[in-house]
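A, B and C are the chain letters, set down in written order, and residue numbers restart from 1 in every chain.
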Amino acid sequence: MDAPLVAGPETVQRAAAARRRRPVWLTGSFVLGLILLFWPLVAALTIGLVVDPRGLRIGAAPVGSAPSALHPFGSDNAGRDLLTLLAVGTPPTYVIGFVAGFLATAFGTIIGLISGYARGATDTVLRGIIDVTLGIPALAVAIIVTALLGSISTGQLALIIAVLIWAFPARQIRSQVLSLREQQYVFISRLSNQGSLSIVFRELLPNLLPFVMASLVASISFAILLAVGLQLLSLGSSDPTLGLVLQLAITGGALSRGMWWWWLPPALVLISIFIGLFLLSTAVDRLANPRLREKADDG
Amino acid sequence: MTADARTGMHAQGSAGDHTPDDLVLSVENLAVSYGSAAGRRRAVDDLTFGVRRAETYGLVGESGSGKSSTAFAILGLIKPPGRIDEGRIRLEGMDLVGLKPDEWRPIRWRRVSLVPQGAMNALNPVMRVGEQIGDAIEAHDGRQDPAALRERIVGLLDSVGLPDRVVRAYPHELSGGMKQRACIAMAIALEPALIIADEPTSALDVVVQRAVAETLMEVKRNLGASVILIGHDLALQAQLVDRLGVMYRGRLVETGPSRELFHRPQHPYTELLIRSVPSIRGGDDDSLTGAARRARELAAAADELARTGIPPLRLVGPDHLVALP
Amino acid sequence: MTTDNHAPADPAAPGGIGTPDVPLLELRHVGKSFRAGRGRGVTSVVALEDFSLTLEGSPPRIVALAGESGSGKTTAANLVLGFLTPTHGEVLYRGRPVTQLKGRSGTGFRQEVQAITQDPYSAFNPFYRVGRVFDVVIRNFPIASGPEDARAKVAEAMDFVGLSPERILDAYPHQLSGGERQRVMVARAFLLRPRLIIADEPVSMVDASIRATILELMLRLRNELGVSFLYITHDLSTAYRIADELIILRRGQVVEAGDPRTVIEHPQHPYTRLLMSSIPIPDPDDRWQGRVSDLQAELNEDLEALE
């Protein structure tokens, strides 16, 4: 004769309230990912405020010296102060990654939206462009272009990379739009005389935000990867960057000469950035993948 | 013959025999609960009923009544966070509660099998139908000689009215009704004594539904098996079942021969449930207003039940039990 | 156009759609085929064939279009709403082809011909609050003279379906039950004051206990607002209760049409007879006779004889 529920109403309410306070994507791994991704930038910017730019010059420090009080990160084989080099070279990597990532995602999302919703001839054309662009080997083309162009700024490099990678978000968004447009609320919107543009941006896009986020993280990762790859080949911008430092270290024989202070810090920073991006992408994946989200919701 | 006071069923065993001979399935005081962060919730509570050999037993109830959980419990498919809290489930005399996974292998599919709801989800879309049936047979009956296996599969498909070509077909090449019949073929492959059909015809068109239902009854007759038909379509139940059990929130409200329940229901909830089923034969107060009124009465009766709780079952006629004080 | 923003254009007034004394909806020998497959495997799938229907509109009627899946009923709905173009024949709304009317917003077609759809779960954009469906409608149609008027009219619509604006309008779709969502859809239709509503399986995904309520609301729309319905369903018992006329579709063709009670109790066409005899009756003493496979074989023989 007792009610079938074993838990009392208060327990249920408290559990529900706890769930409401914390958004599903704000998990431990998300926070950790953010930290791992951004601490090098924060550190570099702070140190960059106090560091002496003359440390970048050749001979600013004793050649190939290990870390000391005066030069906490030591110096490279040309006597450049590595702390200054790292502080100055880290932010551009972020700039390239984020600018290229945002540009590629924004452009790709718009193309994906139009292509997926319009269907017909427009879709055929746009999809063709997307497929062709996807087929282009990004690194190979990047190498050729940057080699031909010689010295370019970080901004220009970001643009080149964006042009090479926008097709990935475009394809992702397009396939989501193809299924979303069959939802009945799109039908109701058309019945309500809502224009196509309004439907695409006001009805579909909000529901695509998880996928846009996921694409953004992926694009940023890919952009940084491309940029560092180019820098390791001494291509890309001639401003000091992490990749450049690493490249100099490798060609300068830092490994064989045991000059760990030269190659280890940039490598560690890069590893931290990529692990951070990876953790963010798995956390954001929960937004995009409803089944993962359900597991999180179930107590 | 002894009459088991709890199940109200007349048994053919000798006096004192706890498991009547002609009961294929005996469920006693079954309780199933699911846990979550909010606490444990009973899906099935103190459930007792039996299914005789070669009979069709219908289990009906609205969503949340616990009928699917009952089916899963019988099949040993309750997994954490769900668990069987209490009770016994005896299949042909053997207790199923507390069996270990490897003890289930000779039982599941060979002595009790499932025709699931929504063949779409049950069939593997990237495997040919014949292969899937073959796999199911070999998984529970050991490796088979390929030629004999193929013959057996063709025979199974034939018994459910499906042509040879289905063996090599993929699920998406079949219509809804054909897919469901393929699932029936899989369920009878090892000639079980008990088949549990969980809403086997939902989402099918009316004529196809009848064809699938008739197929199920035919294979049941040929095998001499028993069927538990789970669903919420009372009209379909009326066409197919010998005895019926009405569940509400995990407990049985009434159970008995289907004629009794449809023509002389003893519990007010049962009565309202039966009367709220629309029929093209017409009936008393056929109008929409009448239907809306009956729907409200049914909802009120359900609320009342939720408030007062459901007492244990009491015998009111041959095989007929009702949960009234 | 009349100055009363509330009612759709009066057909008798100059500038209104079509001419008076013309049926509200007319489908003349409509055929619709789709291309399926690609390259050399392209085939033509005939969804609707030689389909004709006339709905006078005055007095308002509920015409039920019943059929199994693949019978063409949803195709018919989309044709009437102007979302599909017929391969053959014409779809006329008040004497004018729908293909001409649907694009131009000045014609009032969109407001006069509305729909209630099957799935209350996907009919709402999960990102927005429920009240937004009304905002969109008010923004796009000449319904209200200002924000105050809009609020009043929405309240009136919610009152019609028996829902409280305070509780429902600010809620998100997932917080409402299927029945409540469907009632909001009916309220949306009420707000628009259409002449014709295409109701595509409006109760098949709603709990049995709410079905009668939704169907009652449809009847009230007909009786109180003069709205005609094209009621599309596969469930003949609901068609029986609500329709003035019943049309049975099979594989894109009309096999039988007439008064619902007559069609259901005295079916003439072999397919209709098969259909009626396959509907389960909730009475253990009134069970299916014979075997449906035999009846289906009989049906095929009868159909061949007819051709």
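Annotations for the structure displayed:
Going forward, contacts are C-beta pairs under 8 Å (C-beta built on N, C-alpha and C of every residue); 3 or more make two chains touch, one makes a residue touch a chain.
Quick caveat: nothing in here was measured; it's all calculated off a predicted structure.
With chains reduced to the mean position of their C-alpha atoms, the one farthest from chain C is A.
Judged by contacting C-beta pairs, the busier of the interfaces B-C and A-C is B-C.
The distance from the centre of chain A to the centre of chain B, with each centre set as the mean of the Cα atoms, comes to 52 Å. In terms of their C-alpha centroids, the spacing between chain B and chain C amounts to 36 Å.
Centroid to centroid, with C-alpha atoms defining each point, chain A and chain C lie 48 Å apart. Partner chain C is touched in their complex by these residues of chain B: 161, 205-211, 214, 232-236, 238-239, 241, 258-259, 262-263, 274, 276-281, 286-289, 291-292, 294-296, 298-299. The part of chain A that touches chain C in the complex is made up of residues 183-185, 187-194, 203, 206-207. Chain contact summary for the complex, chain C toward chain B: residues 68-69, 208-213, 215-216, 219, 234, 236-238, 240-242, 264, 274-276, 278-288, 291-293, 296. Contact residues on chain C toward chain A in their complex (touch as defined above): 81, 83, 105, 110-111, 114-115, 117-119, 122-128, 133, 136-137, 140-141, 185.
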